[in-house]
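Note that subunit A is present in both complexes that follow, paired respectively with subunit B and with subunit C.
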Partner chain A sequence: MKKGTKQRLRRGTLYALLLAIVFAIALLADWPRIQRAFFNPEIAVEMFPEVFTIAAKNTLLYTFFSFAFGLVLALVLALMKRSTIRPYRWIATTYIELFRGLPALVTIILIAFGLPIALGVSIPGGTLGKGAIGLGIVAAAYMAETIRAGIEAVPRGQMEAARSLGMSRATAMAFIVLPQAFRVIIPPLTNELVLLIKDTSLFFVLGTTVVTKELTKFGRDLMNTTFNGTPLIVIALVYLIITLPMTRLVAQLEKRAARAR
Partner chain B sequence: MRRKTNAALMLVLAFALIASSCAGGGTGEYDLVAEGTLTVCSEVPYRPMEFEEGGVYVGFDVDLMQAIADELGLEMEFINTGFDAITTGSAMQGGQCDIAASSITILPEREENIDFSDGYFDAEQSLLVKKDSGITSLSDFSGRTLGVQSVTTGAMYAEENAPADTEIVAFDAGGDLFVAMEAGQIEGILQDLVVNGDRLVDDDTVTIVETYPTDEVYGLAVQEEGKESLLEAVNDALQTLRDNGTYDTIFAKWFG
Partner chain C sequence: MDSNVPPIQVLELHKYFGELQVLRGIDFQVNAREVVCVIGPSGSGKSTLLRCVNLLEVPTAGKVLVEGIDLTDPETDVDAVRARIGMVFQQFNLFPHLTVQSNLTIAQRKVLNRSEDEANEVARNVLERVGMLDKIDEYPIRLSGGQMQRVAIARSLSMNPDMMLFDEPTSALDPELVGEVLDVMRGLAEEGMTMMVVTHEMGFARQVGDRVVFMDGGVVVEDGPPDDVLLNPQHDRTQKFLQAVLRQ
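Coming up: the complex of A and B.
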């Protein structure tokens, strides 16, 4: 058989397979039942405006504070990792390896329940405080490596030139190197932010009141009282409303960064 | 033409996969998910009804289900799922198990998605607090935090009867409540008496200050349609166990 014929044959069968599967699903699925179970307009309407004013608001609030705390901690860790003082490097490496290796849920439980029980230390700020610190600790481990890579991507000559102008190492790092590093790492950091949006769904473990529910818990509780899948579809759409613009933004930023290089 | 054969085979496989996932399968008299075995879903731990000890699940519900399976001439397997998967019926609908035994209070709104057996256990609600908290009743919770398990009868009772400015904090798993109280996140726990009562055995710093008879009973749950023969057999078995004293033996084992 000629190579071209073979290829056409294979593409043809793949198309046929796809069509067959789509047809099979369309024919076999119980559409009215799926509509009742997942697309019930009455239940969906009931969710507004709380799905925005409480659930989405909390998701964004939790994300913002987790990210802010994580970013500051990550910056410190990245600088420690590049320190000339060895123990600093050891601490940073241990931290990063530890919290990259632990599930975020474990870290959040450790902060919220482990610390108070074991040491009598309670982090203030309720769900927001405990959750944001727990999740921020995990996010910091990932972002520290990103920031370090960003700093290393800035040519050494930048630091040397700044030093030769009489700047101290700290000033040069803060005003010359870091701004350039951040330009490189904004896309991966935005990615981390999108991951955090989804990870705030873990905050359910801290216990929730009517006003502290985030999107996932809000949807699940409604599913359990209406016995219907519609709330999950609604919160899925709200998540996409939040995350899609951000992932598109990352793609744009990456394109721009590639052009600038 | 080897390639064509492969593609045809894949097509057949794809169809088979779709067909099997839609049909749900199942064999034998009761249409069980695993032949010869009564597979039971439960949200563990909920001491002393269902919890893990020495690597196996034990508890009142576990013993009762074993006795029912014995009556039906079946093996029994106990698996852990989320409580919401049980009350929505998705654990049974999705073919994870045949029946759920998880201290599920029989409620009319739950019957939209699951079918209940006859009641097998009287459920009462109760309020557990730290002995040194000075709290003596639900009305003391004005301005305080009260822990409940999400979408349970305890949670509903708290929402209806606690003072308006009580902060009611809901947790997914019943087991998390004691941890949260230990961590100082909540000052009291309103949930089923059997579970709060069991806590008194392990922890002498807590006490039950109030109980609330709610005329509610626990039932076993199957999916809404298609398990009628199993449900009937389970109800017969329950009656047999009550008649021949096995039920009382199991009750005495866990509640002395």
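Coming up: the complex of A and C.
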């Protein structure tokens, strides 16, 4: 046999296999039942507009505050990690290793329930306050390493030039080094933001009211009351509407960053 | 400023990088309105000496006095002294996220607390001096190496420094761009700027320098008028270095 013929034959076999599997699934599956269980238009319609006005709104709100709190904390940690004072470095390293090693859910439970029970300290702000601080603490551990890498990617000469113009270390960091570092780390930080969007689903553990549910809790509660999977499909689509543009944006930013180099 | 106090005075300066001794007891001085060129093979410690003068490198032992102020004294406000010393780097080190204008104004604003109008006025004046006024709104990435270095010199000048340090300012440039930078430096020297220049440009050292210092192995081997050091060197090592350089 010729080489070309052999290759065509192999590709043909693979296509045939794929078709066979798709065909088997199509024949074996109970389509009407799947449609009733996951694609019930009446149940889907019932979810509007609350899926946007409450659930998606809360998901975005929780994400925003977790990210904002996490970013500030991460910046502090990154600077501590680069401090010339050793105990600061130790604290930052311990923090980062600790909260990267723990499940986010554990940290959120610790903040929301552990602190009140053990110390009598209650974080204000309800679901938003407790959740955003808990998740922000976790996010900070990841973002601190990203920011540190960004700072270290800025050539040393930049700090030296700034210092030799008479700028203090802090001024040089704020106006010369950090602006350049953040350019490098916008893509990975956006990635972190996408992860946070999904992680806000952990807020279910905080116990929510009708108006504080985020997407996952909203969908799951409806699934329980309707005995139907449609709500999950709907919230899955809403998640994708939020996350897909962002992952596309990251890809764009990375391409642009690669070109600029 | 008391004209009797030398702008730069280095006393018995030692510098180690870990185990490696780079400077082995340097005594060195630059007088007001003097242009001193420091030459020597790579690894001789000449750049380290220059970087010790504005404390980018911290001396291991010895003293660095700038206008009589001891930089090695922990009580000294090093930032305030640095603001009076212009520094030009081999790699230019312009701030790539800022326009040429902002490169020149940011330290004026943050360190000297000048108003925006005043800082912009100064920026325009010094850019005019180095022939870069037409690029005031460009980002550094759009400039050639020679243009970048002229902007870097302008950035230092915008702080109205009492003296300027140059760390191999033309070594990263394509040969055809060296001239424009040396012209700017020659202009500064003619205006009476106090300058310490680490360089491999022997022509510049001879024409513009008031003194030439030859360093090797972390010590000052020879220090004198350019014609003496470059044309009639007294030491073996100086002769060998100059022969090697001139053969190129």
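Note that in this section the second predicted complex is superposed on the first by the 249 of 261 C-alpha atoms of A that agree within 3 Å, B and C clash if a C-alpha of one lies under 4 Å from a C-alpha of the other, contacts with A are read in each partner's own complex, and residues count from 1 in each chain.
One rule holds for everything that comes next: a contact is a pair of C-beta atoms (placed from the backbone, for glycine too) under 8 Å apart; a residue touches a chain by one contact, two chains touch by 3 or more.
As the structure is a computational prediction, the values presented were derived from the model and not from experiment.
S.K.: In the superposition on subunit A, see if there is space for subunit B and subunit C together, and answer fit or clash.
M.R.: With subunit A aligned, subunit B clears subunit C, so fit.
S.K.: Identify the partner contact of A:170: answer first if only subunit B is touched, second if only subunit C is, both if each is, neither if none is.
M.R.: Neither: A:170 stays clear of subunit B and subunit C.
S.K.: Give one of first, second, both or neither to describe whether A:85 is in contact with subunit B, with subunit C, with both, or with none.
M.R.: neither
S.K.: If you stack the two complexes on chain A, which partner ends up touching A:183: first (subunit B), second (subunit C), both, or neither?
M.R.: second
S.K.: Given the touch rule stated above, what does A:258 touch, subunit B (first), subunit C (second), both, or neither?
M.R.: Once the two structures are laid over each other on A, A:258 reaches no partner at all.
S.K.: Is A:17 contacted by the first partner subunit B, the second partner subunit C, both or neither?
M.R.: The first partner, subunit B, only.
S.K.: Just to be sure I read the superposition right, which of the two partners does A:116 touch: subunit B = first, subunit C = second, or both, or neither?
M.R.: first
S.K.: Looking only at subunit A, is it subunit B or subunit C that touches more of its residues?
M.R.: Higher number of touched subunit A residues: B.
S.K.: May I ask you to decide whether A:26 touches subunit B, subunit C, both, or neither, giving the answer as first, second, both or neither?
M.R.: Touch status of A:26: no partner.
S.K.: Could you say whether A:160 touches subunit B, subunit C, both of them, or neither, answering first, second, both or neither?
M.R.: After superposition on chain A, A:160 lies in contact with subunit C alone.
S.K.: By how many Å are the closest C-alpha atoms of subunit B and subunit C apart after the superposition?
M.R.: 48
S.K.: So which positions on subunit A get touched by both subunit B and subunit C?
M.R.: none
S.K.: Looking at the complex, which residues from subunit C come into contact with subunit A?
M.R.: 54, 56, 79-80, 82-85, 87, 89, 91, 93-97, 106-107, 110-112, 152, 155-156, 159
S.K.: Applying the document's contact rule, which stretches of subunit A touch subunit C when the two form their complex?
M.R.: 155, 157-158, 160-168, 171, 175-176, 179-180, 183
S.K.: Could you list, by residue number, the parts of subunit B that touch subunit A in their complex?
M.R.: Interface residues on the subunit B side: 3-4, 7, 10-11, 14-15, 18-19, 22, 84, 87-89, 109-110, 112-113, 147, 150-151, 167-172, 176, 179-180, 182-186.
S.K.: Once bound in the complex, which stretches of subunit A touch subunit B?
M.R.: Contacts found on subunit A: 6, 9-10, 13-14, 16-17, 20-21, 24-25, 28-29, 112-113, 116-117, 122, 204-210, 220-221, 223-225, 227.
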